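Shared between the two complexes below is subunit A, which pairs with subunit B and subunit C, respectively.
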Partner chain A sequence: MASDTLLARITDYANRPDPYPLYAELREAGPAVRQADGSYLIGTYHEIVALLHDPRMSADPRSRTTPAPYNVTRQPPFLRLDDPEHHRLRNSAMRPFGPPHSPGRVDSMRGEIVQLTKELAEVFQEGRQIDVVDDFAYPLPVTVICRLLGIPHKDEQLFQGWTDILVAAADIGPESDTADREQAADQARQEMGQYLVQLGEQRRGRPTGDMLSDLVNEPDAAVRLSTEDLAINTILLFIAGHETTVNLVTNGVLTLLRQPDQLHRLREDPGLLPRAVEELLRYEPPVHMRERVPLVDIDVAGTTIPGGTSVILALASGSRDPLRFSEPDRFDPTRPDNQHVGFGSGIHLCFGAPVARIEAEAALGALIPHLDTARLLQDPPPYRQNAMLRGPRHLPIQL
Partner chain B sequence: MQTVVDLTRCQGYAQCVFLAPEVFELHGEEGLLYATAVPEDQVERVRQAAAACPVQAILLGEGVSAGAR
Partner chain C sequence: MPGDLSDGRIVIVGASLAGLRAAETLREQGFTGSLTMVGDEPRAPYDRPPLSKQVLLGKAPADTTALPMRRDPDADWRLGVAATGVDPLEKRVMLADGESLPYDRLLIATGTRARPWPNRDEGSLDGVFTLRTSDEAGRLAERLDAGPERVLVIGAGFTGSEIASACRERGIEVTVAERGPAPLVGALGGTLAKLAAAMQRNHGVDLRTGVTVTALRGDGNGRFTGADLSDGSRVDADVCVVALGAVRNVEWLAESGLAAGPRGIACDAGCRAFNMYGIVTDDVFVAGDVSRFPHPLFGYQMLSLEHWGNAVEQAEVAAHNMVSPGPLRRPHLAVPTFWSTQFGLNIKSVGVPTYSDHVVIAQGSLEARRLAVVYGYQGRVTAAVTVDMAKSLDYYKHLIETAAPFPPPPGAADRAIAADVTIPSDVPDPSGLSHGPTVALTGYLPDRRLTVVQPTR
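Right, the complex of A and B next:
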């Protein structure tokens, strides 16, 4: 088939269970493959990494000069801003979260994360049928991000509703450009932002030991977030802070149940778990694509991409590029050279990566001992609509 | 266990500082300080930090105890 239909085929829901043959076709046709709508797809590792580090590549959707299928007028969160604004906001958000100001925060959550995975793993009893997503992979990261940010447990349902709407609107591809979806997203964004700002107000002067408290009580006025920035960026932290981890944990269980020899290996040698999580981020990553916009005409391996054009970096394809990884389609937890792009690379490297790693390792560590006799009830499982943030909607298994 | 960070590779992503803050420390925004001899109770955290390094700059010498220099 024509290479200019690759993005349409990749985003076609029928190909959600296995987009990897399409990524192979993309790399063959590449490195830069023009699509029928004028956008460009990049699927080779070295070009993806180079572009993620290229200051001429904007993460800001407002840099597009070609019409975008989504609303590009509103202020984006720092995920989709360029420096210096990106740096200012990411740094402010980082102060209560990680080094150099809060190096111990994530590490101090290990105990409760391990405890939580143990409690959730209690339903994994022989003879039972379980949905790995609803019974385990979803509740874990949602509970963790709520505790980290300081969102009351009772309001999780409210947040779930807003998140579903916002994630649906953040998809790409021909199926996603509906005005209704945009309108619903604007309303969800406004309600969720208002809720978070009000919660922050309650914590002003009365901190409760969470990130939201620290953000509103930041003593240095130069780095304290404005009300608008607080709303926009805590929405980002909440959604990005759990949505992708659901997929990472579910993809992990799916991968191990498809490959019982690897499951057995990890059960015998739990010391391999940290590297197994990295291999999972390479082999079945939760984030498949990210968009960038060149600010000027750029040359990618002999192809000129005009400034202002949408460029889709297929991270999941890059991490399976045979020019970078030997036997890329093999899941190998002992892979010696694994510089995957599962969390991206460069200045936008996943903000929450350390939390995701701890959650995934604790989750798989807690589940592996229960999976010996488990089998998939549906393979492939039903997938969620989203092609960029790809993962199963349900993963029914029989224990 | 002994650890060595290849500082010509290190790009200051600080993933190791998140995952093993008692062994790795940021000096300012990007400068990395670390303990070469890993205490026994930090070995698992350091193993996770080494696996997580986006530029694979952390080298581990397994089987070397914290007392050895």
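Right, the complex of A and C next:
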């Protein structure tokens, strides 16, 4: 088939269970593969990494003119902004989260995350049927991100509804109902933002030890977020802080149940878990594609991509590039030199990666002892619509 | 014969970063013979970058910076005993305790030591320090813990500037004396040196440039009390740190017949040492700070780099080549990188900034204290230095590797207003600085044919 239909085929829901042959076709046709609508698709490791580090590549959708200009004038969160604005906001958000200002935050959550996974794993009893997504992989990161930000447990349902709408709107694909989705997303974004700003107001002067408290009580006025920035970017932290982790954990269980020898190996040697998580991020990553837009005409391996053109970086394809990884289609928890792009790279490198790593490690650590006799009830399982944030909607297993 | 290379006797002289990484790599690559590690310090290999940072800040004791081992090198460790010579004909390394070690292949990774204060009596005053080893860092940290009135730092290279930064962070008054026009100017050139000077002064450093220290003064009981400067002024201080750069540990090779001198030991791109006639050896290898090696990206000049990253990368290449037959050997072509943290800034460099004639501020701004400066030589990109913008470095590294035209192409997201305005890189002659260069270009221009051999004794 023509290579200019690759993006359409990759986003086609029928190919959700296994997009990897399409990625191989993409790398073969590449490195830069023009699509029928004028956008470009890139799936080779070295080109992806180079573009992720290239300051001429904008993450801001408002830079785009081809195939369709992005008409929304609303300010995006820092995930989709360029420096220096991106740096200012990410820096402010990082202060209550990681080093140098909060070096102990993430590590101090390890104990409670392990405890949480143990509690959630209690339903994994011999003879039962479980949906790994609804019963385990979803509740875990939602609870963690709510605790991290300081959102009361009782309001988690509320957030789940908003999140579903926003994630659907952020997908890429040839569907035509984008206007409706955008409108619904606007509504959800407003409600969620208002909620978070109000919660922040309650914490102003009365901090409760969470990130939201720290953000509103930041003593340095120069880095304190405005109300608007607070709303936009805490929504980002909430969504990015759990959506992807659900997929990471679910993909992990799916991969191990498909490869019992590896499951056995990890059961025997739990010390391999951190490396298994890295391999999972390479082999079955939660984030398959990211969009960038060159601000000027750029050259990618001999192809000139005009400024303003949508460029889709297929990270999941890059992490399976045989020019970078030997036997890329093999899941190997002991793989040396595993510099995958599961968390991206460059200035937008995953903000929450340290939490995701702990969550995935704890989750798989808690589940593996229960998976010995488990089998998949549906393989492939039903997938979520989203091609960019790819993962099963349900993962029914028999214990 | 490949079979022989994985066996035999390998001696590594120098048990620090380069020596350890080489030893690990030898085992990783299947070397099963005997491996002996010789180090003049009694300690197991340790990491030095924290010594001028976390250790001086009191965040980590000096004896806690041991280097993690990636695998057990299964070596015979001869620590606390210096090597005193090499007999390349007999293939033996002589040790200070009188023993001599036979080898089939030798790796020299003896690194550098701190350049001492030239006046021995003044340099031995109580309160005068240099900073290179763990012990030195421990003693200096202890003195800083005691809360001195003022610290005098002589030399504003990276080490001197990091020491001054640590002092200020601890609230200790500090004077920095530098013979050159600004801190870091020898490594980074004029533009960033101005920023470095402003950062020092903003953080309360009493920065004196264009001066030399002419004498260190004691109180008559052997205690340091202050120093005289060339401008006629006097600095009263109770601690003095001499940060005049590094001296390469090559004296022990004076009679080895190897091409060893003040700039290091010359080797080829495969880390094989040259002898004094410029003939390459095949059983003596060099890695780390003590080496000088040709680099194609920088006109094949012989580079000597005092960089953590170079020690690791060169050691890995040297080790690989020590156990590989000719056609499978690799060149050491890594693009130099280094970093420094001082006065709240993260400074990172890629390429060789001193190999430049012009610079341009490509991203960010001096005012924001966040920028990327790109260096060019004769119209191509040769280096980049970022301040609090380290994630941009890989892009510039790619430009260096591909000899991209200078100035770099337009279109960067946070492009500086003056991104087209190239200015002279303003790298001074290192002989006019207090601090020695951490990167030395040691090649010769074709119009200078004469080299003079000066025996060291």
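Assume the second predicted complex is superposed on the first by the 391 of 399 C-alpha atoms of A that agree within 3 Å, B and C clash if a C-alpha of one lies under 4 Å from a C-alpha of the other, contacts with A are read in each partner's own complex, and residues count from 1 in each chain.
By our rule, contacts are C-beta pairs under 8 Å (C-beta built on N, C-alpha and C of every residue); 3 or more make two chains touch, one makes a residue touch a chain.
Since this is a predicted model, take the numbers as computed values, not measurements.
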Which of subunit B and subunit C A:84 touches, first, second, both or neither: second
Partner chain in contact with A:54 - subunit B first, subunit C second, else both or neither: second
Contacts of A:298 with subunit B and subunit C, given as first, second, both or neither: second
Touching partner for A:374 - first (subunit B), second (subunit C), both, neither: neither
Which superposed partner A:349 touches (first subunit B, second subunit C, both, neither): both
First (subunit B), second (subunit C), both or neither touched by A:289: neither
Touching partner for A:278 - first (subunit B), second (subunit C), both, neither: first
Which superposed partner A:362 touches (first subunit B, second subunit C, both, neither): neither
On subunit A, positions contacted by subunit B and by subunit C: 345, 349
Interface residues, subunit A side, partner subunit B - complex: 98-100, 103-104, 106-107, 271, 274-275, 277-278, 337-339, 343, 345, 349, 353-354, 357-358, 361
In the complex with subunit A, residue positions of subunit B that touch it: 13-15, 17-21, 25-29, 45, 47-48, 50-52, 54-56
Touch list for subunit C against partner subunit A, complex: 363-364, 368, 370, 372, 391-392, 394-395, 398, 409-415
Touch list for subunit A against partner subunit C, complex: 49-50, 53-58, 82-84, 87, 294-296, 298, 307, 345-347, 349
